[in-house]
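Alright, structures below, take your time with them.
The same chain A turns up in both complexes below, where it pairs with chain B and then with chain C.
Presenting the complex of A and B:
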């Protein structure tokens, strides 16, 4: 009799205990535990990769369509001298706007964050900041550069070089060290402007960062990958 | 008999517990500490059954009393910004291992005793 009583009590206790454990486990699994967090992180990463792939294929399609358009234009203007002149003008304007890859003599500048810790205590000093890039770009423009590219991002008239926390964005695309700036223009003029005493490159080097300028006889600046569109602009009559 | 009752209780409890609604995340900490306390009581109950000094009143009051006290301590700790529940967990888990050791020793001794007896009989 006593043993039966004990068994029933223990059974009831275990019953209550397992109910509580089940409820607790279900609550915890539905809550934002670390496991579910990493799982959702993985899902987000997958999503990003998928979107990037989609973007890449769309971009390729766009490039193909542009080539097609070019072909059609050429065919249409083959036997028409005025249209041919227009076509030439269009090409030139596109080149100036930054819509095509361009080649010419110029300079290549490589800016790199300091790799080894020097005697500077301020970690911020050992980084290339967006201001440095802006300064270099301004210096290049001032020296007559005709086309400038930073890490594959063409500087066009709508380009912005911004600081977004710990990354630098150009044309809305994030870029990082090392920064390879390519500029087309008179190579000796550009080189002289950048390597003069007290130039921005001197300042960058003073902080322990790397800044290299090389003259190039032929350098290719890639085209602007975005779309130039205007919404509010109207011609003044 | 006791083993069957425990297993039956666990199975029925699991079946019902799966279908019960979830509690809010804020209170899950209290439930967790109550579970540890109750688990300790169950192990204590099994141990005392083996030692044949099982008292129903002590067992039931310990089961609920420990759980409620642990929850109250957790609440107090939250108000005072001290993790008192850690102390409760240390005590309960320590006792659980203690009781588990007693249960293990009891069954191993029983098993080796039976074996010896058998050998004696064969000889």
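Presenting the complex of A and C:
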């Protein structure tokens, strides 16, 4: 009888101890860690936000200054025909480089991950991959596109389309489905290149994803956001 | 006799329980320590390092924009001066145009960088390999790229002919071995290309293509050989 009592008491004690351990682990990993984490990270987070704000205001200043520069340049060169021609070329360069918003005829392409999952395909095939976007952009270039953007990111000389884990990035900025690709060029040539039988869009559709091309009489492609600084490039005379 | 045996039993049980308790308590303490020392700081460090990366990224971006802002403001001042003094602004425009032509691809350029050589191995090199390579070079910060002396620009397409007999870049036919040049930070370019597992060079070599890269102090890249023709796009007036 006494033996049984001891066993029960000890059993209860062990049970309590185990619970105590569990509670400790929980508390450690949730409450305690978040408290200390937010305390130490708040300062940093504030700094990041402040720096971003600083960037945003300076970028806006830069945009205004660029507009003003264009104005004074035009004014300064209007009485000099050679300078005027150069000013014009500079303007065209800026369009090619992606420094200005541009408009013209072209196409709009919408690519979207499959909404209903079809079990006969690999799940991964039912998503739009960065390779698909790269391929569509390459086709557009082949068909003579003069300016291209993907979800607001202008494709410029230095643009990379990358994939980190399951995040697609262009110009270092995250983009996601649906992907809206806008291209300026001959709308019939661009449309024909994308809608020919066996094109990349057909492949994308075969797996249940959406791919839609629309001809546009007027489409606007936005400029590159941010600045590109060249550090290593020098003219070879 | 019976009493003695009963006692002995209790002692044994007590000792066993005692040992179990000690073990349990020390495990609890150890757990406490471990959580506090490794796990917690790891989570905190991770978050903190993420924040630090974000901070330094924004800082670099800000500095770049700020430098350009100063530059543009200086140009505005210079133009204003020519307007006031009624001087010719040709020289100023010329200077700006020169710089912009380098970026557009209208001039031959040079600088430090890497040279990548690709050739057919067990498998043939296709346009997809070249597209991937160009993309990776851009990701690594390449400022100018050429494939077999054809300048690669934002509008450059790289395609296979229908039967994979040859590749076309800027609608020019090119043939192997393919020499891809890139100007940029040579260490950064090279290390990203050669990244174990995911870099272009090791990935190509395991897939049956011969690929190698070399760092150079002077890489020369020719200007774009085609015309810069704008037929469809117009600037949006603000």
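Brief remarks on what is shown
Operating definition for what follows: the second predicted complex is superposed on the first by the 181 of 237 C-alpha atoms of A that agree within 3 Å, B and C clash if a C-alpha of one lies under 4 Å from a C-alpha of the other, contacts with A are read in each partner's own complex, and residues count from 1 in each chain.
Here is the rule we go by: contacts are C-beta pairs under 8 Å (C-beta built on N, C-alpha and C of every residue); 3 or more make two chains touch, one makes a residue touch a chain.
As the structure is a prediction and not an experimental result, all values here were calculated from the model.
In the superposed pair of complexes, A:122 makes contact with neither chain B nor chain C. Between chain B and chain C, the partner in contact with more residues of chain A is C. In the superposed pair of complexes, A:92 makes contact with chain C only, with no contact to chain B. Contacts of A:5 after superposition on the shared chain: chain B is touched, whereas chain C is not. Look at A:62: by the touch rule set out above, it reaches chain C but stays clear of chain B. In the superposition on chain A, contact is made by A:23 with chain B only, not with chain C.
Of the two partner chains placed around the shared chain by superposition, neither chain B nor chain C is touched by A:166. In the superposition on chain A, the residues of chain A touched by chain B in one structure and by chain C in the other are 3, 6, 10, 13-14, 17, 20-21, 24, 28. The residues of chain A lying in touch with chain B in their complex are 3-24, 26-28, 30-31.
For chain A in complex with chain C, the touching residues are 3, 6, 10, 13-14, 17, 20-21, 24-25, 28-29, 32-33, 36-37, 40-41, 44-45, 47-48, 51-52, 54-55, 58-59, 61-62, 65-69, 72-73, 75-77, 80, 82-83, 86-87, 89-98, 100-106, 134-135, 138-139, 141-142, 145-148, 155-162, 184-186, 220-221, 226-237. Put simply, chain C touches chain A in their complex at residues 9-10, 13, 17, 20-21, 24-25, 27-28, 31-32, 35-36, 39-40, 43-44, 47-48, 51-52, 54-55, 58-59, 61-62, 64-69, 72-73, 75-76, 79-80, 82-83, 88-90, 92-94, 96-98, 100-105, 107-113, 127, 131, 135-136, 138-139, 141-144, 153-159, 183-185, 220, 228, 230-236, 238. Put simply, chain B touches chain A in their complex at residues 1-2, 4-6, 8-14, 16-18, 20, 22-25, 28, 31-32, 34-35, 38-39, 41-42, 45-46, 49, 54, 56, 59-60, 63.
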